[in-house]
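So, here come the structures, one by one.
Next, two complexes with subunit A in common: one pairs it with subunit B, the other with subunit C.
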Partner chain A sequence: MTAAGLRLRATAGSEWIKFRSVRSVPAVLIATAIVVVVGGVLVAAGFRSGWSTMDAADRAAFDPTFQSLRGVELAQLFVGTLGVLTVTGEYTSGLIRTTFAATPQRAQVLVIKGLILGAVVWVLCTVASFVAFFAGQALLTAPARHASLGDPGVLRAVFGGGVYLLLIGLFGVAIGALLRRTTAGVAGLFVIVLVLPIAVALVPGDLGAQLNEYLPSTAGMEFWTVVPAGDHTLGAWPGLAVFVLYVVAAGVAALVLLRRRDV
Partner chain B sequence: MIEAHGLTKVYGDTTAVDGLDFQVKPGHVTGFLGPNGAGKSTTMRMILGLDLPTAGAVTVNGQRYQGKVWPLREVGALLDARAVHPGRSAYNHLHSLAAANGIARARVDAVLDEVGLTSVAGKRVGGFSLGMSQRLGIAGALLGDPAILMFDEPVNGLDPDGILWIRTLMRALAAEGRTVLVSSHLMSEMALTADHLLIIGRGRLLADTPLGELIARHSAERVDVRAADGPRLAGDLRDAGAEVTVEPDGTLRVTGLGSARIGEVAAAHRHVLHQLRDVTASLEEAYFRLTDESVTYRAPAPESVVGARA
Partner chain C sequence: MSTISQSRRARAVLASEWIKLRSLRSMRATLAATALFSVALSVLVCGPVGAHWSTFSAARRAQFDPVDSSLNNIQLVAVFFGALGALVVTNEYGNGLIRSTFAATPQRGRVLAAKAVLFGVGALVASTVIVLAAFGAGQAMLAGRAPHAGLGDPGVLGQVLGGALYLTLAGLFGLFLGAVARNTAVSVSAMFGVFLVLPVLVNSLPKDALWQHTVPYLPSNLGVSLWHTHGSLFAAPWLAVVGLVGYVAVLGAAGMVQLRGRDT
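The block that comes next holds the complex of A and B.
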């Protein structure tokens, strides 16, 4: 193995030990999976019991796949916070100095932190999305409509739940590395993911809706949606691309500053 | 070997470290001494590549720290004992550091044993006392068996047992031929541990000297004399070329003449001496004098303390 390869493997080994040796991490991950599944079950059960009161337009716009994955909306706060904490936890305790003294290759540390968190979140949340999907569809008995994996766009959307949460986790890592404080990082992430869509909705007329479709969370959400939610939607793959662009931009900014800033 | 050339760090309007030139050599405990805020920690962070110098450079074994692939095998440092994740066990903390530098896992057990933490290796470090955290930090510094060790204020907050342990350890490490750099704001501590001193104040190097030389330079500074007829003796000593001040209790404070010469002058003028005493300035005083003008943060001194020191 080359010297660079050995260095990379050592960083990965070290970060993996750190990741798995703190109890709060598995606790948050388990909570995330439960929220995805329970959220989907509750929303599906709600639509089934309320189906008779829905009008024709609502029934036509009903997206059984998306609704069974609605737990993702709450789970993103867990995953995003975990991403922020992965970095800011080291800054607030001062451990980051020990980390960078052991591994002066700072960019490597941040990228590997992101990859480890991302891989774990992706596997776990993909499984949770499938469980939520199947449980949700099972609850959506006739006359309510339900979806099956073979329907157009459905498989992509169910995988989309895991991919979206993976990207939210990486977004959290990047924002955490940029802001370096837990409170600032979590607040920053929540503002971008939760507050911005609401704020943009207050913009009068069509402009609000046009802006909204380019917001990170709205664009990313397209990737786990089957039935478009309105006139202003980017669609699954363009939506994913826009969201990825935000995450990459935040990540690059974090890496550039990481090299320049004192710790 | 640590070498700094014109090392400078500026934060906004504040120059924390101002053109430091020094070398820290193997086989000695080098004390890095200065008042709080003198720039000791900033300098140590620059040595470790954590803070970037505004100007100048510092190298470790002839190379910038940032360029090292396995730094823990060359340099071990304890900056802040509390800089650990409280939820992680001592063992896992050290294991993650060892893994980051390709250090064998057996070293984790070895250093835990060396600092006496084997029995609590599996406990979460959030519950550790300051003394235990300090030992864990030192275990981390020793992990890669490095030839260079740096400790930032290692005895702060320790009980006498812990202080003695750290002192003995640092001397043992230097005796093995390692380079040991220890920062402190306490001269009394450094006098017991260090062979060589780098004294800084307001970011500037005030002294770079072996401890023995500092003691020699500041010893036998004055002689205190008490005599049956003090005022007359004062006059005779002044005639012999001394500078004499008379204390309120009648003691003569003599500089410029050694105690032997004072005795001869006294005998020649048939004085009855009650006391003739060499007064050695303590290292603490020498240090105060060196850093007096460079203390950044100081409370107004109570009158009585000023009187006692003067």
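The block that comes next holds the complex of A and C.
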């Protein structure tokens, strides 16, 4: 094995130990999966019990797949915070100095951190999304409408739950590496992901709606939506592309700054 | 212990907590950013309405409420106040200062009470200024071109002061949440969860009997009762104040128990 290959293995090994041995990580991951499923079940049950009070327009716009996956909205808090902490935790404890002394290839460290977090979050959240989908559809008995995996766009949307959370986690890693402080990282991520869409939606007229669909989280949500909501919608794949673009831009900025700044 | 030393101790605790509160670097910056965000959003929401009012349809005109439009930024600003409140406590756990604080004042409950009193008064002043500024900026964008409101109009002062009270209570909610969680990342993301994600999630559900008996009593929806023109689905303003104070009191009690029962 080449020297570069050995170093890669060593970095991956040490990053894996750091990831799994932080005491709160397994608890947060379990909570994430539970929240995806429980959130979806509660929303589906809410629509089933309130179906008779919905008017024809609401029933026509009802998206059973999207609604059964809405636990993802809660889960993004856990996954995003975990992503930020993966980087900022080391800056808080000072471990980052040791890490970069051991592996001066800083970009390699950050990329491997992202890969490990991303792989774990993607596998876990994909499984949780499927569980939430099946549980939600089982609850949406007649007269409420339900979806099945064979319907157009449904399989993509259910996979979309895991993909969206994976990207939120990576966005958190990038923002954590940019800001290097836990409070700033967590607040910055959630201002972009949660506050901006609500703020922009308050602005009246076309400007607000058009701006909103190009925000990271609004665009990303398109990927786990089957029935488009409202007049302005990008569509699933363009939405995913916009979200990926934001995450890649943040990641590249983080990698550039990581090499230029002192630890 | 004599009464003099008691009052001296209380003054000393208040003084040291005040120094810590006003010298926390992120406090002023975040407050300034919050004020800017609130006023800017009010202008962005009201500005287009003032500019295009003559082109609005009758249905759109009937839906418009000038007070709500200048105050609806409060639903977002509440999260910033909560995060600031949490930082007042968790910052000390983060940098280890809490050990010196409790060595100097072993009466831990008093330390938390002093933090809550000082932050609560500061938050009430700051939130009143911010809400008044957002209201004034929004109405200035509407004045002369679209329906607008003044503080003297019936109910308006109540909505403005209700909004300020809600922001203060959201800040105290965050402060006591910080005392329970003792961790910045946990308490800040919990504030985003309780005050932003949860309402978006459940407010979109069909409004059947179960919804009407539960969802209006979430902290953020009790806040809506205070600053929003009263809608039939939401709790009465007096009930909202009682409910919010109740949430803060329960969290405060939990924070006190945590402080006494745990090591720093």
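What we mean here is this: the second predicted complex is superposed on the first by the 263 of 263 C-alpha atoms of A that agree within 3 Å, B and C clash if a C-alpha of one lies under 4 Å from a C-alpha of the other, contacts with A are read in each partner's own complex, and residues count from 1 in each chain.
The criterion applied here is as follows: a contact is a pair of C-beta atoms (placed from the backbone, for glycine too) under 8 Å apart; a residue touches a chain by one contact, two chains touch by 3 or more.
These numbers were taken from a predicted model, which means no experiment stands behind them.
By the touch criterion defined above, A:194 reaches subunit C but does not reach subunit B.
Using the contact criterion defined above for the overlaid structures, shared-chain residue A:262 touches subunit B, although it does not reach subunit C. Judged by the touch definition given at the top, the superposed model places A:94 against subunit B, while subunit C stays out of reach.
When the shared chain is aligned, no partner comes close enough to touch A:26: not subunit B, not subunit C. On subunit A, the surface touched by subunit B in one complex and the surface touched by subunit C in the other have no residue in common. Contacts from subunit B toward subunit A in the complex involve residues 45, 48-52, 65-69, 71-72, 75, 77, 79-80, 82-89, 92, 95-97, 99-102, 140. Only residues 39, 43, 46-47, 49-54, 58, 70, 73-74, 76-78, 80-81, 84-85, 92, 182-183, 186-187, 190, 194-195, 198-199, 202-205, 207 of subunit A touch subunit C when the two sit together in their complex.
Touching subunit B in their complex are the following residues of subunit A: 3, 6-7, 10-11, 13-15, 17-18, 21-24, 89-90, 93-95, 97-104, 260, 262-263.
Considering their complex, residues 26, 37, 41, 44-45, 48-49, 52, 72-73, 75-76, 79, 83, 87, 94, 184-186, 188-190, 192-193, 196-198, 200-202, 205-208, 210-211 of subunit C touch subunit A.
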